[in-house]
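Next come two complexes, and both contain chain A; in the first it sits with chain B, in the second with chain C.
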Partner chain A sequence: MTTTILSIKNKEGRIQKIAPYALLLPSLIVLGFFMFWPFLYTIYLSFFDWNMVSTTKEFVGFENYIDVLKDPVTWKVMGNTMLYIVLLLAVNFVVPYIFAYVVEFVLQRMKGFYKSAFFLPAFISLVVGSILFTWILNPVSGPVAIIAGWFNITIPIWSKLDGWVIVVITLITSWKIWGYHFILLFASISGISKEVIEAARLDNIPLWRIFFRIVVPMSSSTGIYVFIITIVQGLQFAFTPIKVITQGGPNYASSNVIYQAFHEAFVLYRTGHSAALSTITMIIFIFLLIVEFKFVERRIYYENK
Partner chain B sequence: MKINKRWEIPWHIIFFIFILVLLYPIFYALGFSLKSLQDAYNSPLSIIPKNITFENFNQLFTSLPALKITWNTFVIASVVTIFKIITSFLAAYAFVYFIFKGKNVIYFFLISTIFLPFTITMIPNYLIISSLGLADSVWGVILPQLADAMGIFLLTQAMRSIPVSLIEVARLDNMEHWRIMKDIVLPLVRPAVTSTSIWFFIMAWNEYVWPVLILKTVDNYTLPLALQMYISSEGGTNFTVAMAVSVITMIIPLTLYLTFQKYIIGTFVSSGIK
Partner chain C sequence: MKKVYSLMFLLLLVTGLAACTGEKEESSSEAATNSEGKTVIEYWHVNAETQGGKTVEELVSSFNEQSETVEVVAKYNPDMYKGLMQNLQAEAAAGTSPAVVQVGWAFLDYFSNTFEYTEPQTIIDQHFPDDKTFLTDNFLPNILDLAVNNEGKQVGIPYSLSTPVLYLNKDLLREAGLDENGPKTWEELKTFAEAVKEKTGKYGLYIQEPADNWATQALLESNGAQMITNGKATFASEEGIQAYSLWADLVASKSALHIGWDQGVQSFIDGNVAMLYTTIAQRSNVQNNAKFDVATVKSPAWEGKQVKLPAGGAMLAITAKGEEQQKAAWEFMKYLYSVESIAKWTEGTGYVPPREGVADAENGLKQFLEENEMMQAAIDQMDVVVPWTSFPGDAGLQAEQMLIDMRDQVLSGSITVEEGLKQTQEQINSLLQ
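Showing the complex of A and B:
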């Protein structure tokens, strides 16, 4: 690396050696206290029976994990989480991928406008989004229900129905996170050499084939990053509308693994169950990351930058 | 280029409808916050108020300590932003301009925190903040947010775009590191620092998950928490007041975004996140 010169030519070699650690110290202290240590402590708590108030914690080994995995609620929540993931990916991975491609290579005008309009909701509180959509989508008196009524369509009482509640909460979450994913994918796609696309077009290759054969492979490392954060951060963002609108209900039908861990800890005061569930979630996330990194290393070597 | 002309119009139409759906809630909140409750019930479809009234805002400021709540939100967002941008800047400088033992390992660990679910840290953090006696306080909200891997990442990417030779020359002239930061690096990465700061500010302004665990009394609430109180009265008499809280909650982030959008989009586009 070119930066070597900085460390070699310097007279005060010792300062040079200590300096980077000193610069990192503030970040490391904060993250150490509020990220790494809590992370380890949660894993520790997952082996204890505790209610957050009592002065004694009882060591129970893997019992919390067994309890959690035996609990039918956990499996319902896992199923919900899978549905959330599939819907989140459709709206926040597939759609922005296509839209970013269209804005960059199909359209000639209004690119700037689309970029700023698409990104805008990312800057608004998801609590605001949750409240507004709750009213707009109110099945009786909301504007959507009134307009649908003209065509004799009834809006389901989505907040009380299995399935529907997840669809609506996913849409509200997507309203917030979609634009960020669009910007990331757009950044990557706009880095693809224009000549390649031009040449493909002159050969009359249809747009959808250019997308699958050239654009997707050449932007795949950003694509995979967006794929991962759609799952990892999407599930966490969904916490807000779940908490604000349904509190996980009706009968856990809208809860996901993130909300359930919160519910176990701060509503039921079962820290052991919550910690076990969080640890399982984290293991799934880490597994996902490793799989995707392997995938990136093996299969994707096109992307220039 | 001409080949695809026929696809342009349909896509513009799709995008316009899409943007209408995305932005409709914002206009809805703006319009209904200025309506009387009567007007809101009589014309639920029209966004434009018949007579503009500030009654909802009045009612909001009398029923809630709204000024205090806005101030709390502002203090939290400002302190978090200032600390985070400094810690991120220092860390990014270390990663870009130094070679040291454990560099890659530390960078990997820092960046991997982006992928941790917040549930894995929430119970211990709650216990730490409580044992420090900071539960239900503005400082309890601030403390765990003082460093951020995302900021380190964005600023590292921005600093990497500066020609290393500039820094090398400065080092050969025996220029101190803090002066290099202040006089060379900072001016060159100012757009990235500006947009990262705005991003931090807005994230902290909108933060909900952590404050909802920590804050208990209305006097210490932030805007998103105050807003949450109105959900229970679905369709009730507070409907237009809730719209007023929504407007107050989003007005500052929206103004910041609309003013600095070029910088902000530029920073995210050029960071080339992978």
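Showing the complex of A and C:
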């Protein structure tokens, strides 16, 4: 008797030990196949000269990395990427934060309307959006140019001007992602207990101080999430209008690191160059991630911790 | 933070998948037959629904109805000719291949160096003695030459053809007091564009600026410049610089518009540009949407010089393996090149018919051309069509990209034409070595 009970117990114990791993397995397979393996393969490819077609790859050591670092285009694209990040953060992190606060605590009516109106573009494909904006913002004959013309303003030919092109592409990208960021921040802000805010109001604390001293700290866990996806997803979403409208031009003025990696690999078939650029980008982002964990993550307020 | 990686991973995964197909075993390339005993072959094309895809379907199903021996399956490849090349690569690595494929002109050398194909004439000679002179009877020699690679082989047969033409906004030209029939030469065109700017305040000209140098080549080579001589870039010659300067000067004086392709064509259609230099493939778009008196004329010449227009579009090549498949491939191709099929193809896509005897035939395009006069200009300039230059070797695409980058630099005025062309030529030549 005792032995059978023991063996059953053993069996249960074993199942309990294995079960978590078994349950993890599907996602491990997916992650491994779609993330880690391609990641390693990228690093592998970055040491070879290969045109994606030929059956042989030539080992070139660090030559791709040296090429990438010596290429002035790389630095131009890095600079563009920084500008994209700054603009994306301003438009898709700071502004929706403020809007969410205003809609939740300041506005008294029409909240539902704002919520759905802001979120609506998130449903529409960015390819379609890009094509639409190409027309709407056509500096010669688009509706915006016509209206501007009534006031004797000429729209610059933004798609061919350094700087301008990044601003407009950021705005088109924002059109797509802004609503989602707004909803996330709104949900977080409306989760803050009303008593705290009411108490502050009774004490006649100005709205901007309530925002900075109460709302931001108490919604910081969502805040940091939106901060990160603004950078990370924003750069990816910008890919679509770049591809549709400028193909990285004029002379790389609208390219960011993600588009450039695509361009090198799938337009010019310089796989090694592209992989080296991707790997360098990865290293930069890993570095930023460590910085984020060290200095920011500790100060974030998680409700359930 | 993980999200940033996931996109990169995804991109690279595609790379990875392309690579791992290389490990698959070779499968047998025996001729497939369907239940009725017909030989089944695949036809690969790049025509999305809106770009002639419906016509492909029509042609294939009407072929299948009338053929007793062959059944064709059409397969659409996204991302144009480049996408098709990539899929063909994967297919070849797996040891199989479609029977008939569309190959874009830019991929002529690349295709013939990379893939197994059979020259159409070889198959004709082996199995179809009646068609021995089909090619020479029906195609202009300069058109057939478009599909000849650098080793002198007839890789395929021209199928989709386009050339650049000059679209005119006649209303705007009249308003500026100009001849509504447009300029005949580039020199004239320059004075036209400047006059339009001066008299109406609108733009005189837009030359297409997509991610290739097709129109640039037409402009430069018509002036006697050569994009490439014996495998070396030679566009920075005196003629090349002169031709490019005309464009750059017009942009600098705001007589010509410098903008992306979509927006440039839109601006012409909206009546803000008097002359549009772009492909005939834009005809139906312009014709259906322009609200003014619109016409096309042949590509302008340079004073006293021979016009040379690069061909856009694609050829059909035979990648079928095995006798049955190859015979079926020619039977299908011959059907596609019949007067009726080519007429349908032209109507459905806006390309120019590659073969003779279609334009004025009752069962061809006679009626269509009467209704769509704007097509005529492109048909009239078929005799001056030359191959579209592709730079040789692995760095060829990079060389092409350098010319695109230079175009933006020159037209934005950040570099002079002479500097730009000479520098770029040097860079390309050191790259091609």
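Keep in mind that, in the parts below, the second predicted complex is superposed on the first by the 266 of 305 C-alpha atoms of A that agree within 3 Å, B and C clash if a C-alpha of one lies under 4 Å from a C-alpha of the other, contacts with A are read in each partner's own complex, and residues count from 1 in each chain.
In this section, a contact is a pair of C-beta atoms (placed from the backbone, for glycine too) under 8 Å apart; a residue touches a chain by one contact, two chains touch by 3 or more.
All values reported here derive from a predicted model rather than from experimental measurement.
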item: Touched partner set for A:W175, first chain B, second chain C, both or neither; value: first
item: Chain B versus chain C as contact partner of A:V86, first or second or both or neither; value: neither
item: Which of chain B and chain C A:L235 touches, first, second, both or neither; value: both
item: Chain B versus chain C as contact partner of A:I283, first or second or both or neither; value: neither
item: First, second, both or neither for A:Q247, with chain B first and chain C second; value: second
item: Touching partner for A:I66 - first (chain B), second (chain C), both, neither; value: neither
item: Chain A residues touched by each partner, larger count belonging to chain B or chain C; value: B
item: Partner chain(s) touched by A:V196 [first = chain B, second = chain C, both, neither]; value: neither
item: Partner chain(s) touched by A:V291 [first = chain B, second = chain C, both, neither]; value: neither
item: Partner chain(s) touched by A:A19 [first = chain B, second = chain C, both, neither]; value: first
item: Interface residues of chain A shared between complexes with chain B and chain C; value: 34-35, 37-39, 41-42, 45, 52, 131, 134-135, 138, 140-142, 228-229, 232, 235-236, 239, 245, 258, 261-262, 265-266, 271, 275, 278, 281-282, 285, 289
item: Chain B partner contacts - residues on chain A that touch it in the complex; value: 1-7, 9-11, 16-17, 19-21, 23-24, 26-31, 33-39, 41-42, 45, 52, 99, 102, 106-108, 110, 114-121, 123-136, 138, 140-143, 146-147, 175, 179-180, 183-184, 186-188, 190-191, 198, 201, 204, 207, 221-222, 225, 228-229, 232, 235-236, 239-240, 243-245, 257-258, 261-262, 265-266, 271, 274-275, 277-279, 281-282, 285-286, 289, 305
item: Chain C contact footprint on chain A (complex, rising order); value: 34-35, 37-39, 41-42, 45, 51-53, 55, 131, 134-135, 138-142, 157, 159-161, 228-229, 231-233, 235-236, 239, 245-247, 249-253, 258, 261-262, 265-271, 275, 278, 281-282, 285, 289, 292
item: Footprint of chain A on chain B - complex, ascending; value: 1, 3-4, 7-8, 11-12, 15, 19, 22-26, 28-29, 44-45, 86-88, 90-91, 93-100, 103, 106, 109-110, 112-125, 127-128, 143-144, 146-147, 149, 152, 164, 167-168, 171-172, 174, 177, 202, 205-206, 208-209, 212-213, 223-225, 227-228, 230-231, 234-235, 239, 242, 246, 249-250, 253-254, 256-257, 261, 264-265, 268-274
item: Chain A partner contacts - residues on chain C that touch it in the complex; value: 1-16, 18-19, 22, 89, 114, 203, 211, 257-260, 262-263, 266-267, 270-273, 394, 397-398, 401, 404-405, 408-409, 411-412
